[in-house]
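The same chain A turns up in both complexes below, where it pairs with chain B and then with chain C.
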Partner chain A sequence: MKQEAIPYLKRIIKRRSPEKTNPLAYLFLLPAFAMVIWFMVWPAMQTFYISMTNWDGISPKRFVGMQNYIHLFTDEPMFAKAIKNTLLWVLGGATVPVWLGLVFANLLVRGKVKFTKWYQLGFFFPQIISSVIAAVIWKWIYDPTFGPLSAILDKLGIARPVAGWLGNPDLVMIALFVIFVWGSFGYTTMIFTAALQGVDSQLYDAANIDGCGAWGQFRHVSIPGLRQTITTVVILMTIGSFSVFDIVMATTKGGPGYSSYVISYYVYTQGFIVNRLGFAAAASILLTVFILIVSRSIILIREKD
Partner chain B sequence: MYASKSSSERANKSDFKGDTQMNKWKASLALSAVSILAAGMVGCGSKNTSDASGNASASASGSNKFKLTVTSSMTDESRVEIMNETIKLFNQTHPNVTIEYNPSPWSEYAQNLKLAFTSGAGQDIVYVDDTMQQMLQKNNYLLDITDEVNSRGWADKQVPGAIEFQNARTPGKDYSVPFMTAPVVVYYNKDIFNKLNLTPPKTMDELNSIMAKVKEAGYVPMENGGMSNTPKMWSVFNMIYNQTSKDDVQQFYFQKGITPAFEKAIVSALTQVNDWQNSGYFRKEDASIDGNAVPTYYAKGQSAMVLGGNWDIPTYEGTKVPTGAFAFPAADASSQSHAIVNATDGGWALNADLSDEKKQAALDFIDTFMNPEIVKLWYEGGSTPTVKADMSGANASDLKKEVDQSIQSTEMGFFLDNAVPGLADIINKQLQMMSFHKTTPEQAWEEIKKEYNKLVLVAQGQ
Partner chain C sequence: MTMTRSSLIRRILVYAVMTCTALLTIAPFLLIISTSLKTTDEINIYGPLSLPHVVHWDNYSRIWEVGKFLTYYKNSVIVTAVVVLFVIVFSLLGAYPFAYMKFRAKGIFFLIVLWGLTIPLDLIIIPLFNNLKSMGLLNTIWSLILPQIAMSIPFAIFLLRGFMKDIPNALLESARMDGSTEMKNLYYIIMPMLYAPLVSLIVFTAIGTWNNFMLPTILIQNDHLRTLPVGLNYFQTKFTMNYPMIATAAIVSALPAAITYIVFQRNILSGAMVGALKE
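What follows is the complex of A and B.
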């Protein structure tokens, strides 16, 4: 009986996952698998190889081992500055748009607001615009002479920085971060709105009966109910913050000085301006490692909770 | 029970057969995936030389008709139009040759050239400045045309030294032929100058005096565009030429090292620019102004001067501000030589893989740029030709004539940020930090020197 049960169990398990035994499923997966290998795995392997050469993009490659990685940490103060700026950006990017998304989603779903669909459309509108175009528009908004922001502040009699926002090393990161938040909080709002609608409304009723106000319901019902979604959104925003490039490229190009230098822009400069493609590849590999470490840490922390 | 026993036996047997079949399927699918990938990699990795210049197709078909691909960084509408006229004139004598002209913006041009040549699709005729020329030539992508330059008499058709200047990184060998220079001059607002009874300065003291007077009168002495700092950078280069010898400059430019005289000159130039900044000679919002927006600020009519290239003539004419031009002043009245930022704009170079037939046609295409009719077209479009031609009958604007007049007694000087790739960005960043007092001119130079030395090693492949 016991011996018969084992093959029987095997059959049961196999029957419960027929796709694992069906070769046709693998055939359908083959094109996607091939594309992942061809467009992601193979280029990643090539990048790793290039990171161990001193290639300038046109001459024959010369193998230099880990020299590029060593130089990044010993001989490149700009890389250190880029890491610092990027970490600041990640800290803000993984929190501010997430919180804004949570609050706005809660207002739209739980608050007694009319025309919620129109608000959702408005919040999501920046997502439709390419980030480069958005950055160019904001560059004009920030223009100290012709920009509407300066005109509005002057009309209201509010003092503004004389050198402008994008040209001020103390304000430039904040100015660029505003562009980032403007472009991303609609995305987080949309995700949380969809997720909130999946939270059982009876929980809110129960909380209401227990005397919980709006803030209490948000804190004790909405947030716990959205825990997994929050983790996912935080990871996505972290990855997006690490790889921010277009906003910096379209506006300040890392300036003034190196105040808005981020790792992605550093990689671009080293690879395509200075012609140190091997060096740039090493920096991009390190960036990938940072992203993996941080995202994995977020998941581990959440799992421990 | 029998049924179940036999069905379980059958199930076991069929499971075993199924497992084996399944493994075979997986193996064959995996093998197919690997084969497809391997075929793709081999196919994409091979250099496709036959498409690069159409050599194979041209010679195989035996037809006299063929195509020449041409590229440059001249994407502005006016120069594209002049280029089309040039191509039309070429086609009058070469009706069997189709010129396919595809320019790309300056910001992407070097990368596009690299990609094209490394993938085997390098254009037949390319317009290169001296660093791009060096990049392609040291990897054997360009044709040595020294003999053709001599046999076609191009050196005599050009102003003395123009071809040598363009090929200065390969003395004795010519890989490209220029046809225009790119002088940087100071455009000035004639209304402000007239109002304040000012005349274009001949010396640095006069320039400083003018800036002080303009500032006092409530105008902006100099436009800049602090996000890119190009006018400040050109001012620094011009002042270096005023204070050091040609040899010192060439040592720096050709990556042979930095002489003490050059160091002294550049620190002095950075200090002067810093003094201008501290004296308020640039707009207070200059740090947030993009270089592309400078003409818009100039058009407000409140700015006295701005440094710009001869390619900016149509732009400043378009501002409707009465504008004149003068050369950046010499150090003082006793200066023996007066070099300004004015290098050959670029030169036409040929792909090393051209067939004989295409090579001759390509050389004839370059020859078209020495045709007086074409030289006149480019001159009237705002360019400063290196080709000797009588321009007295040309229809040039007043500003164009002033620009040419202003540089007549000057010597050519390099765009020093072209010494190594990436140097422009470093100089710009240091100028930005200086404007916020985050660094001094001496410290800025130390940083520039450190990065310059690093970039020289990179450029030399070390």
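What follows is the complex of A and C.
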């Protein structure tokens, strides 16, 4: 029985393999994939296990099944706030910088603006400095006593929130989101500018003859022409918005109270400040699932149209 | 006549909008440059908006004494250089079989690359911390270098594979006929043809590594191992109210990235773009 099975299995393996497997290929892949598996794939599996344990990082792990996940959704207001803030951030991050980028790119290319390079240089500059530097600068801008924003509003005689922007639970997320938009719209503008230069200019001439104004050309030529690029940029911005951490960490540390918590910051505090590693792991798994679901849905919706 | 006038007005409007936006975007930088040249007394009297009455360069010499920015610089340079070097070598080797060789489980390997492109750092950071701890690497520079090499590889392989696929296979076939090895093909045929994307990839990986914040925040506790972003964040919590000093620190930290950007502008733009446009 066994002896018969072996040649059969061999035949299957042989049939399924490509004509010539070059063993050298695996040697080429080895260093890269050893690193990726050891420092990414394996930890991700460990996270999955840790998320189903009650662990403080020191004492032995105790298996608790889905309890952490249930607890996160039912009995953890901080996490509920973090989810709400993150989802709002994603909603804003996947739309506002994309629209700004489309409009500015259209103005640069269709408006036949000279010195395009210089404008792009200005727009893109915030993108290349680290978000920590951006956060440090904006923390000062928002400072209610020493910051330039207060000074400007006072000079103009416009009323401003007494606790500043970052100290106000209702305004803090908007204030942080402004930093994000400031840092990212130059990137979207740049990508759309490059893509727009590839759209056939005869299409615009045709639209012009058909009586389409600037808005009509934007709506009926630019947007469809950039379809693929828009999808890509929306997904990139979505993924970036889901894992926002630096801006929160370097400005408010989730405060005031926990009104500016995002999922990534929640994972950090649970995992490395209060040592509830099971919770942190469960939250990070949920974050990953969110990212996968949302980015897959965007692709599905865009392909369906 | 009316046509030209309305189109002239439109042109002026476009320029006005673009110029205002560009100025607003760089205004925060101009403001901190101005602040870094003042003293705290001057800010208390004239507020944050006034230009420095007397230009004070003192902050720029004092910053090296009050903060360990030279150490942070050194750490950032070491980490970035080593990460970039290994990412380039490993990814060139890793991308080559995807484009030019036949092997089993190619699909699974590529799935790992795609998976690595989308997962957030949060998903791996908790076990990573403990694994590095048990390997005795925590609070060493290797705890920053090794994970960042791994995390930069999926994008690098994805990108290089895309460019390699554009190079016709016939070129390699004829080289193989002449008895060239795969290693020689990669080094003498493929690498020279990938010059531009490689430069973009180097710049892209370097900036990403240089700016990384979450990883060193969690993995490094010693002040003498901090990289620039973590060091800056630590500095600002120590000097909360001394805004000229914080502004100076921000500029000193931004300088390398700014210079790199100005020198390699075209490569950075194309590097950022290939990431998005190369499907």
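Note that the second predicted complex is superposed on the first by the 269 of 305 C-alpha atoms of A that agree within 3 Å, B and C clash if a C-alpha of one lies under 4 Å from a C-alpha of the other, contacts with A are read in each partner's own complex, and residues count from 1 in each chain.
To be clear about the criterion, contacts are C-beta pairs under 8 Å (C-beta built on N, C-alpha and C of every residue); 3 or more make two chains touch, one makes a residue touch a chain.
A quick note: this is a predicted structure, and the numbers were derived from the prediction, not measured.
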*Determine, under the contact definition given at the top, whether A:Thr21 touches first (chain B), second (chain C), both, or neither.*
both
*Please work out whether A:Val162 is in contact with chain B alone, chain C alone, both, or neither, and reply first, second, both or neither.*
first
*Between chain B (first) and chain C (second), which does A:Trp99 come into contact with in this model arrangement: first, second, both, or neither?*
neither
*In the superposed model, does chain B or chain C contact more residues of chain A?*
C
*asked:* With both complexes overlaid on chain A, does A:Ala44 touch chain B (first), chain C (second), both or neither?
replied: second
*With the two structures laid over each other on chain A, which partner does A:Tyr142 touch: chain B (first), chain C (second), both, or neither?*
first
_Tell me the contact category for A:Phe73 with respect to chain B and chain C: first, second, both or neither._
neither
*Examine A:Phe33 and indicate which partner it touches, taking first as chain B and second as chain C; both and neither are also allowed.*
both
*Which superposed partner A:Ile273 touches (first chain B, second chain C, both, neither)*: first
*Report for A:Phe63: first if it touches chain B alone, second if chain C alone, otherwise both or neither.*
neither
*Just which bits of chain A does chain B share with chain C as contact spots?*
21, 23, 26, 33, 37-38, 42, 57, 139, 143, 146, 272
*Residue ranges of chain A in contact with chain C within the complex*: 17-26, 28-29, 31-33, 35-44, 46-47, 50, 57, 104, 107-108, 111, 113, 118-133, 136-141, 143, 146-148, 151-152, 155, 182, 186-187, 190-191, 194-195, 214, 228-229, 232-233, 236, 239, 242-243, 245-246, 249-250, 263-264, 267-268, 271-272, 277, 280-281, 283-285, 287-288, 291-292, 295
*Can you list the residues on chain B that touch chain A in the complex?*
8, 11-12, 15, 18, 22, 25-26, 29, 32-33, 36-37, 40-41, 111, 114, 117-118, 135-136, 138-139, 141, 226-227, 284-290, 293, 296-297, 421-422, 425, 428-430, 432-433, 435-436, 438, 454-455, 458-459, 461-462
*For the complex, which residues does chain C have touching chain A?*
10-11, 14-15, 17-18, 21-23, 25-26, 28-29, 31-32, 35, 43, 47-49, 89-91, 93-94, 96-97, 101-104, 109, 112-113, 115-116, 118-131, 146-147, 149-151, 153-154, 157, 182, 207, 210-211, 213-214, 217-218, 228-230, 232-233, 236, 241, 243, 246-247, 249-250, 253-254, 257-258, 260-261, 265, 268-269, 272-273, 275-277, 279
*Of all residues in chain A, those that touch chain B in their complex*: 4, 7-8, 10-11, 14, 21, 23, 26-27, 30, 33-34, 37-38, 42, 54, 56-59, 62, 75, 139, 142-146, 162-169, 252-258, 269, 272-276
